[in-house]
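Both complexes below contain chain A, partnered by chain B and then by chain C.
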Partner chain A sequence: MSDAPEMAQSVRSRGLWRDGWRLLVFSGKRLIALFLTVLVGVYLTIFIANMGGQVDELRLVQIRGVVSEAVRADPAFQDMTAQERNELIERQISLEVERLNLDQPFILRSFDYLYRAMMLDLGRAEQMHSDAGSRQVYDIIVERLPATLLLFGTANLLVFLVSVWAALHLSRRYGSLLDRSVVALAPTSAAPAWFYGMFLILLFAFVLPALPSGGMVTAPPPENRLDYLASVLRHITLPLVAMFISSIFISIYSWRTFFLIHSSEDYVEMARAKGLPDHLIRRRYILRPTLSPIVTSFLLMLIGLWGGAIILEQIFNWPGLGTLIFQAIGHRDTPVIIGTVVIFAYLLAVTVFLLDILYGILDPRVRIEGGR
Partner chain B sequence: MTQPALLRVENLRLAYRTGRGVVRAVDGVDFDLRRGEALVLLGESGCGKSSLAKALLRLLPRNVQAHEGRVWLDDTDILALPEERFRRDVQWLRISMVMQAAMNALNPVVRVGEQVAEPLMVHRGWSRAKAMERAAEVFALVGVSTDFLGRYPFELSGGMRQRVVLAMSLVTEPDLVILDEPTSALDVLTQAGIMNVLKRIKRELNTSFILITHDVSTSSEIADRVALMYAGQIVELADARHFFTEPAHPYSQMLMASVPRLHQPDPPQHIPGQPPDLLDPPAGCRYAPRCPKRFGRCDEMPDSITVGERHHVRCWLHGAGP
Partner chain C sequence: MRRWLEGLKQLRRYPSAVLGMLLILFLVGLSVYTVVAIPYSQALDLWRGGDHWRMHPVNASPVWADRLRGGDLPETQIISSDEVTARVQEFPGGRRLQIPLGFDYQSSAFPSELNLFLRVHDTERPPFVRFIWQAPDGSEQVIGGRRVARDERVSISQDWGLERRLGHVPHVGLMMDPGSGNPSQPEVLTGIHTMLLDVVMFDEAGSVSADLVVYGRVHGIAGTDHQRRDLMVALMWGTPVALAFGLIAAVGTTVTTLVIAAMGVWFRGWVDATIQRLTEVNMILPMLPILVMVGTLYSTSIWLMLGVVVALGIFSAGIKMYRAMLLPIREAPYIEAAKAYGAGDARIILRYMVPRVLPVLIPTFVTLIPTFVFLEASLAVLGLGDPVLPTWGKVLNDAQEQSALYNGFYYWVVSPAALLMLTGLGFAMLGFALDRVFNPRLRSL
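Up next is the complex of A and B:
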């Protein structure tokens, strides 16, 4: 066995090459599939939001009404005869119809919409505008997105890391006092985050005025970057704590059960027989093989919470997407609502793609079967 | 041949708490094993064979009620060692094990070569390269191509995985390897292959084996010593040639009669009745209710009676009457 080291080395590097190539093929395939999914999803949204072209009839009626009203009200056309005025109205309507391409069949225009939506050209809002004054739906959404990502990304990451870590330890101390207290506390998650939020605001903003009751920064925002950061930190604390309290115990509880089930796998028993230290068993034999379902549930939770954030953002006056949707619905600003849906579709697709890649990296079974 | 024993087990007990009471899975087991010897631990399902193996390696479930006795490995009572020292010094370095469900004993997301090399890196602090080199050697020893070092378990066949687990148990050159039903999930040809590997290793490395099985015919190929377990106790412990030719315990005799053989006109016999409930075993001899030769004294628990050189039987038929 004199050539064993080189052999082992070359086997290893060959294995890495093979895995890398398969991962690449796998990701490429998934990317194409996901692009098609988003395409179909966005097209369906456009089709449904326009009621298959029915909305155009309404818009024609609306244009006719607006144009006639404008012409009749304009003093410059006061001395025209009724016929002349009607001809003028018809001309202006046809100009408007041409400008909006309403003379083309809906099917053709729907593909035009699709192209623009996919390019994130989301059109102009009917009534709302961004804080910077832009009427572009894209600008409005992009202005709000970071606030939502900051709050919910941080909260979820925190809950996720703390609960997985705690659950891993609790699963090894199954039945201990700590374990039983966590199980007993799990029903606290029955109340949503905004419920705890109200009490936190009451306590820490009014009874003991230590933290701001809402918003993301003080008004006007501090000039200094460091002060700005400190201000955001003070504002984010209460919503963060509210979300943390409302989901941490149920999260620990469910992960603990999950780890308990996987602790009885034969290879975990084998690792114990091998006399491996406990931290290695936890990391390599319990956490590592179960990482794909863990990551999946984390990312899916992230997606789910964006939709459920409306009330929490309202309570804390947080300038995020939840507040935006709330306002857009109030104003009946259709382009903003559709634009938000498109952005969500993209976020969802990106998340699922990330998930697929992670699966491939984490689980050789997916990578190798998928690359074949 | 008065070589000192490598392993000496004295009055080993293991009991579990269950909802219905205490199960005495291992109830006062004594045996010894010399270096290079293979002990075959025979017994029906549920007689405590696997529990005995787990008691030796301290792989205990949470509901253990009692775990006591002495297990001498050379001159150390390994049952008395503190948990951490046992893990560091004994587990896998001195005693390794091939688990019953060896097919699923490999971590699905780690390359098999690394899993085989892992004990060396953990227990001996070897570098990865050195450990992988040694892993390649044991792969060759158990007859798996070194091309498979970089594969994942799901890319290997069942027999191949079994060999990899065997390689893992040999990688540290332990004094004793416990094999818990190593071939029960495999087809006959693969079984024969594994048994041949075991025989060769035993010859070449002078490793001691405890082979746990219920398969009398396969085990006879490798056994030097045989221990027959019944209801948590060893009822007969003997050299293989004595056990297979002239078993002393009535249970051993009936077990041997139940094995089908070539070139023998008598059809195999079956043993009537069921093994006793370990929650509430008979007060006297555990086998008495099924024994055709029972007599008055069987109401008392029989001692382990020596009937020959290293040959012990728990049966009053061989005892001097009071």
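Up next is the complex of A and C:
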């Protein structure tokens, strides 16, 4: 008799162990698969970047420049004739080319590039440098990453929460004026955020100068931490609003449709017939089974917005990855461009991985499949 | 076929679909008109800028924008010597011509610039020309004089000496009312101003023709940009470019995606696995940075960009969706029947599997078009627009580079943006309605 609860507990804990183990196996497999995917993706990137022959050519030009500069500046070679000096330069260039393996076929070198890109050894920028003065592409990118994460993290979270909340409410009184106006407004989301951003700048920075038109903090940045926060808040408002406007209506619309379809399921009708209160129906009968699609779409939205970041940041002069890539285009700074693509690929991979793990936790079907 | 027609009939019940279709019709009409009215090569030539536009004002806003606000900003006036009669005085060894280039100026705002274009014909010996400005109140102002070789442009507004003498920029100083009280806020002296050209020819045969251009502050429906180009050219040519880009990219990606998904489902095994893995790799590759990279390293030609967009779009997330839809169709009895009568793989995929999913594809396809239209604009805004073709995005890019908003040239941003928005709205509204017609599960909602 007294064994029964203990047994139940051990069964439950064994179940938990089993689930945990399966989840671990599952995520391990996904991690390996994703790693291979990133590997292929980055390799393709390197391939595209090199097919133009640009990278090698640029490196050759750079080597030539550096070597001739060094030879010309060295007082030890001052009394050489022009011809001797040119010969010396050529010799040094060929040494350098050999040292960097530039005389090897591209296929061999591409694996070297791949290895270094995967190790996040992104090389040195040609023209650009980080605000702290480093010429390492990695440092430049890492310096810009927080600004991008701040803006896009906040915006996505806001859009996601507001739209799911609004959709739940709208789906209960569909056909109302509010509902119909959201449906009517949904096509406005065809325009990307930067598009609305332009008009917001026009309205709130120039016609009614109330908010700054760009940047992240005032220059020079305020010393006081509170002032700094207030300044960032003022600067983030317009880009945030732009992103919000551009995706909120379509988001509410699709969630509303989704909830409407799910709230007409038989088990929801059944719960209604039982007389359960509305908030319980919403939480247990509508939200719980739809949780995994909700999470999926949230993360997919994150993926989608990584790309759109470039122009929005450029329009608002936001010091993030997007502006960085734009500046890199301006400077034709290939290592920075390739480095940014690699970082984007990593970020996407991390997002996809999180998606898989969450799926594993939320969707029982995946858990069972994982153990098979 | 009948199903499609019925679907179209149902569309009439959605006002947003009708509005969307009207917008699309308008855009298609505009593009057809543009392509006929301004041929491709001519558009490129015009947009390259230069001499075509020398008679156009710099950064003039559209006429309607000013008139709506009740303004009376001047339009450009061109006074040609062909339209006036010159007084001729013969003297031994030459002639003296007096050409009065008079114009009636009624606007309360000053013109934006004054230029004189002179051409000398049939003479080897350059004539001497004196420029005299006659104001409506009878006063005269000698601007200067010079020998004119062949074709010459006299930039009156850039005459520093004159500016110092008048105390104002020449086009203000020459046309202001000397009687108006405050010299720091000059007022226009309305009436007939005349630019008198006093030409001395050292030759019997030669002649001089001149165009006085009084540049306005407003121009046409669309205004002009910093290179004097009429924005109408870009706005009109942007339409067929945007529609073609959006349409080709949308067709290219959706149809190939669907066919590839169907192939994966039909052949299974390694084909399916390869397609799945490729899709995953492609999902990791960020579209816009790759496009940026291609644009930077290769060329920014719009057709190359289109190719890359389609290539990257083929193995998109859509494959997973279509795959999920096609999997049950594969096991359907009618496929079994097709196999039994000996249909080949290609026939089953193209004639039996793909058409079943097409209705779902149509709305997606229509809503995809604006995405690509905006993608093209995005690339142009990033400075990776087509190097020669005028597009909406390039107008926006120019505007941004010249800080149009800061300088108050709102029209420069608003008109291409409005066209982009119309395109986006037109296709999106139609697409949403199509979605409800072709996806019956949504129809009851």
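Keep this in mind: the second predicted complex is superposed on the first by the 311 of 372 C-alpha atoms of A that agree within 3 Å, B and C clash if a C-alpha of one lies under 4 Å from a C-alpha of the other, contacts with A are read in each partner's own complex, and residues count from 1 in each chain.
The rule is simple: contacts are C-beta pairs under 8 Å (C-beta built on N, C-alpha and C of every residue); 3 or more make two chains touch, one makes a residue touch a chain.
Worth saying up front: this structure is predicted, and the values here are computed from it rather than measured.
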item	value
First, second, both or neither for A:L161, with chain B first and chain C second	neither
Touching partner for A:G330 - first (chain B), second (chain C), both, neither	second
Partner chain in contact with A:A70 - chain B first, chain C second, else both or neither	neither
Partner chain(s) touched by A:Y174 [first = chain B, second = chain C, both, neither]	both
First (chain B), second (chain C), both or neither touched by A:L233	neither
Touching partner for A:I32 - first (chain B), second (chain C), both, neither	neither
Which superposed partner A:P187 touches (first chain B, second chain C, both, neither)	second
If touched residues of chain A are counted for chain B and for chain C, the larger one	C
First (chain B), second (chain C), both or neither touched by A:L24	neither
Shared chain A surface residues [contacts with chain B and with chain C]	174
Interface residues, chain C side, partner chain A - complex	16, 20, 277, 280-281, 283-290, 292-298, 317, 367, 370-371, 374, 377-378, 381-384, 396, 400, 405-406, 408, 410, 413, 417, 420-421, 424-425, 427-429, 431-432, 441-442, 445
Of all residues in chain A, those that touch chain B in their complex	1, 4-5, 7-9, 11-12, 14-15, 174-175, 265-267, 269-277, 280, 284-285, 288-289, 291, 362-365, 368
In the complex, chain B residues that touch chain A	57, 59, 62, 86-88, 90-93, 96-97, 99, 101, 104-111, 113, 118-119, 122-123, 129, 132-133, 135-137, 140, 146-147, 149-152, 154-155, 165, 168
Residue numbers on chain A that touch chain C, as the complex places them	33-34, 37-38, 40-41, 44-45, 48-49, 52, 54, 174, 183-184, 186-192, 194-195, 198-199, 201-202, 205-206, 213, 257, 260-261, 300, 303, 306-308, 310-311, 314-315, 325-326, 329-330, 332, 334, 337-338, 340-341, 344-345, 348-349, 352
